[in-house]
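Each of the next two complexes has subunit A plus one more chain, namely subunit B in the first and subunit C in the second.
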Partner chain A sequence: MLTIDRLTLQLPYYADGYTAWWKRRWATCLDAFSLTFSPGEVHAVVGASGAGKSLLAYAIMGLLPTPARLNGQLYYQGKPLDASRQRRLRGRELALIPQSLSALDPLVRTQRQVAWAAQRAGQPSAHAWHASQQALTHYQLDARAQQAYAHELSGGMARRVLTAMAHVSQARLVIADEPSVGLDPHQRQRVLGALRELADQGKTVILITHDLRHALPIADHVTIMRGGKLIETAPSSAFQGSGAALTSAYSQALWLALPDNAFATTTISRREQETNVA
Partner chain B sequence: MLNAHRLGFRFSPDTPILEDISLTLKAGQWLGLSGDSGAGKSTLGKLLAGYLMPQTGYVTLEGAALPKNGVQPVQWLPQSPELAVNPRWRVAKILREAWTPSDAQCQAFGVKPKWLSRFPQSLSGGELQRVCVLRALAPEVRFLVADEISTMLDPITQLELWQALKQEAQLRQLGVLVISHDTALLERLCPQRLHLSGGQLKPY
Partner chain C sequence: MRLIALTIKRLARLALVLLCVALVSYGLMMASPVDPVDAYLGPQMAQVSPEQRALIAQRWGFDQSPAVQFGHWLRQLISGDLGWSHVYNQPVSEVIGQRFQRSIALLGSAWLLSALLGFSLGVVAGAKEGSKLDSIISTYALITASTPAFWLAILAVLLFSVTLGWTPTCCAGPAGVLNQDVTLVTRLHHLLLPIVTLALLGIANITLHTRARMLELMRSEVATHAFAQGASRIDVAWRHGLRHASLPAVTLAFASLGELFGGSILIEQVFTYPGLGQATVAAGLRSDVPLLLGIALFTALFVSIGNMIADSLYAVIDPRIQPGGL
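Let's look at the complex of A and B:
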C-alpha cells in the first residue's frame, strides 16, 4: 500500500562555536530507509528519541520544513507519491494524528474542529456535522466534551479528538505519532484499541512510538529504528522470552531493558553505544 | 526522615483530592506510588516537596518544617522537563543553578559536555530530563520525588537514567518517592509500593 524506497532525508544546521559559523552543513536524519506498509495492519515504528520516527511521518505526509533535502521514492498504491499528490491526498487518504496536543485549535469547540476535518475530506457540511458527532460518540466523548474547548479536555480526551479527526476523514493510511504518551493505562488502552479497530477495518495504521511494550499487543509488525536507520522489522511475536527471535543486538537490548524483562543493559548494547559515540 | 502527617488537599471546596494521608519516607528508601490519572499522585508529590501547602496536616523533615529558603532538601522532579527550565538560559547555567556536578557525575547521567553551550529547546526530552535530574542532586538534597520522570524515554534510556539515579541514591542514602503508572517499573525499583485512589493510600 505504501512503499518507502531508499528514502534519505537531510536537514541543514549551523555549527556552533567560531569555526565557519556561516556555513550550512547537512545532518542525515533518515538514511536509505526502505519499508513497506500493508493494509489491515498496525505497523509500529519504535526507536529512541532522535531516531527520526516523526520525521518519517512528516516525509510521508509531505510536511517537512522547506530546506529539507529528500532523496529516494515514496509509492502510494503503486504510484509515486510526490509533493502535489501528497497535497491532494493529505486529509483525505492520508491522515496524521500529531504528537503535540497543541495541534488542536484553542479557539474552536471540539465538534466544530472534527466537522472541519470531515469537510476537508470532501463531505458536505450538513453531513460533516452529523459525522463528527458520530465519530466523537464512537470514541466515548460525551456531549460536554463535544462542546468543550481544547484546554478543557484532559490529555486522553484530546488524543481521542485527534483520532476522531483522522477517523472522519476516512483516510486509508493513518499515522499516529506517539498517541499514548502521558496517558494512564485505561486511557492508553482506549486510544490504542481505537487504532487497532481502524486497522481491522482494512486501513493501514503506522504507530510511531518509543513505548515498545504497549505497542506490541496491537501491532502486527514492529520496525526498530535507530539514528535514522532501519535496524530490523520483525513480527510482534518475535518479542518474547529472551528475544532470541530478534536478529539485531540493538532490538534485543531494547527488549531486555524493559522493566518486565531483565531490566538490564546487555553488554552488547553498551559496546554498541561506545562505538556509536566514537 | 520525611514525614507527612494527615495531609488534606482540595482544589475546589466540595471535591477533596487527598484526605488524611500519612506517609513516611526514610533515608535510602525507595517508595513507589501508583494511581490513575487525576488520583492526586502529583499533588501529593508537590505537597511533600513544598510546592503546595496542605490545607490540613503538615510535612516534616527530621521533625522540623521544610525550610523556607535556600536549597530545598526535598526536590521534585517533574514529568515535562521543558516546562521546568528557563528557555532563555543555556544548559550550563540551568545545570549549575544550585551546585556544580563533577565531570564523573555528568558522565554517569549521560550529560554530554557539548550540550552545555546550547539552549534547552535544542535538546530532546530525554536529554533534558537527564539534565534536570542531575540539577536536582545538590549536596543538600536528602529526598527526591520523581514524578513520571521516565515515561517519555525509550527503554534503554529509561534504564540508564534509573541506574545512574540508583547509584547516586545508594551513595548518599537519598530517599526516593517514585510516582509512575508503570507497575512493572515500580516493582523493579521499589521494595515498598503504595496505591493512591479515592484520596486514600493503600499498600500495593
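Let's look at the complex of A and C:
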C-alpha cells in the first residue's frame, strides 16, 4: 500500500553561538527510514518526542515546510508518490488526523467543516452535507454537537470530529497523529476504537503515538523510532512477558519501562552501554 | 430581555462618553484665548465702549462662575438647543445638519470604498505570501500608508484638475449655479477626486492589517489541516481566510471613522468642499464657540456609534466573543 524507501529528511537551522552563525546547517530528522504499511492494518509508530514521528506524517502527506530537504522515495500502491501526486491524492486517498485540536477552525460550525472536508475530497456539495451529518452521527456526535463551534466541544468530541473529517474523505490511508493525547480512558477507547474500525474496513491506519501501552491493543504492527531512525518493526504480539521476542535493546527497554511491567528505567542506559562495548 | 438590558447599558455608556466630551471641550474653550464677545462683535469691536462690552458679557452670563455657565449650556443642550452660529448666521444644529449631509456623501463612500477594497487587497496579498501580487500590493500599501492625506490631495488637484482638467478644482457644484439646480452627475463629478483621495488613506491601513492576519492564518494549523484535506490556497483563503481576516478589518474600519473625520477636514479644505470639515476650520478660525462645541459633540457621537457597531459585529463574526461584558 505505502512503501517508504530510505527516506532522509533534513531541516535547516542556524547555529546559535559565536562561530559561523550565518552558516546554514542541516539537522537530520529522518535517517534512511524504510518501512512498508499494508492495507487493513493499524500500524503504530512509537517513539519519544523528537523521534521524527510527526515529520514522517508530514513527509507522507507532502506538507513539509519549503526549505526541507528530502531524499529517498515514497511508493503508494506501487507507483512513486511525488509532490504532484501527493497534491492530487491529499484528502482523497491520504488523510491526516492532526495532533492539535486547534486544527479545527474556531469560527466555523462543526458540521460545515466536515462537509468542507467531504467537498475537498471531491463530493458534490449537497451530498457532502448529507455525508458529513452521517459521519458525525456515526461518531456519536448529536445534533447539538454538529452545530457547535470548536470551543464548545470537549477534547474527546473535537478528536472525534477530526476523525470524522478523515472518515468522510473515504481516504484509504489514514494517519492519526497522537490521537489519544489528553483524553480520559473512556474517550481514548472511543477514539482508538474508531481507528481500529477504519482498518477493519480495509484501510491503512498509521497511528503515531508516544504511548506504547495505548497503541498495543489496537495495533497489528508496531514500529519503534528513535532519533529519526527505525529501531525495530515487530508484530504487537511480540510485546509481552519480558519482551524476549523483540530484537533490539531499545524496544525491549521501552517495553520494560512501562509501569505494568518491570518499570525499569535504568535498563536503557545499561543496555546501551553493553551494545557500545559489543 | 438580555438584548434590551444590553442596549440600555450601551446607551448609558454612550451618554457618559458624550458628557465627558462636553466637559473636556467646554473646559478647553474656557482655557483658550477665544473671547466670544470679541468674536461676536468682529470688526465693530473698535466702536464698542468697555461699558457696552461688559453689558453684553453680563447679558450672556459671563460674570457667573464657569460651573454655572457649563450647567446652563448643558441644560440648553439637553433641550436640543445647540446655540447660534455667528459665522453662518444660522442655528448650530441646522449648520451641522446641512454640512453633514454633504460630508456623509464624501465620508460614507470613501469609507465604504476603503473598507471593501482594503479588505479584498489584504486577503489577496496575504493568501500567497511572497508572490508578485503580494509584493505589488504591499509596496503600494506601505507607500500610501506613509503619505499625508493633504499632500496627496494637493498632488491630485494639480494633476487631475489643473493639468489634465478632468475634474473640477473645487466645491460641491459649479460656481454660480443654485444648489437645487445641480444635477446628480455634476455632484458626483465634484465628489470623485475627494473620495478617491480620502479612500486611498484608509485602504492602506486596512490592507496591511488584513494581510498580516491572513499570513498568520496561512501558517496556522487550521490551514495545514485544510491543505491536508486537499484544499488549494484559494479554497483556504476563501473559506477560512475571509472569516478570520474580517475581525481586524471590521475593528479597523469602524475605529478609523474618527481618523476619516480628521482626514476629511484636511481634504475638504484642499478641495474647498463645503462639508462639516470646512465648517470646523471656519468655526475655529473665526472663534465660533457654539458651532465648534456642537461639532465636537457630534463627532464624538458619530465615532462612538461606529465603535458600538463594531462591538456588536464581533460577536457575529467570532462565536467565542460573547456580547455584553463591562
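Operating definition for what follows: the second predicted complex is superposed on the first by the 266 of 278 C-alpha atoms of A that agree within 3 Å, B and C clash if a C-alpha of one lies under 4 Å from a C-alpha of the other, contacts with A are read in each partner's own complex, and residues count from 1 in each chain.
The rule is simple: a contact is a pair of C-beta atoms (placed from the backbone, for glycine too) under 8 Å apart; a residue touches a chain by one contact, two chains touch by 3 or more.
For clarity, every value in this text was computed on a predicted model and none was experimentally measured.
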| item | value |
| --- | --- |
| Side-by-side fit of subunit B and subunit C on subunit A, or clash | fit |
| Touched partner set for A:Arg120, first subunit B, second subunit C, both or neither | second |
| First (subunit B), second (subunit C), both or neither touched by A:Gln187 | first |
| Which of subunit B and subunit C A:Leu35 touches, first, second, both or neither | neither |
| Subunit B versus subunit C as contact partner of A:Val108, first or second or both or neither | second |
| Lowest inter-chain C-alpha distance for subunit C and subunit B in the superposed arrangement, angstrom | 15 |
| Set intersection of subunit A contacts, subunit C complex versus subunit B complex | none |
| Contacting residues of subunit B [partner subunit A, same complex] | 36-38, 79, 117-118, 124-127, 148, 151-160, 163, 181-182, 184-185, 187-188 |
| Subunit A-touching residues of subunit C, taken from the complex the two chains share | 220-222, 224-231, 235, 239-240, 243-244, 317-320 |
| Residues of subunit A touching subunit C in the complex | 61, 63, 87, 89-92, 94-96, 98, 100, 102-108, 116-117, 120-121, 149, 151, 165, 169 |
| Subunit B-touching residues of subunit A, taken from the complex the two chains share | 16, 46-50, 154-156, 181-187, 210, 212-213, 253-255, 257-260, 263-265, 269 |
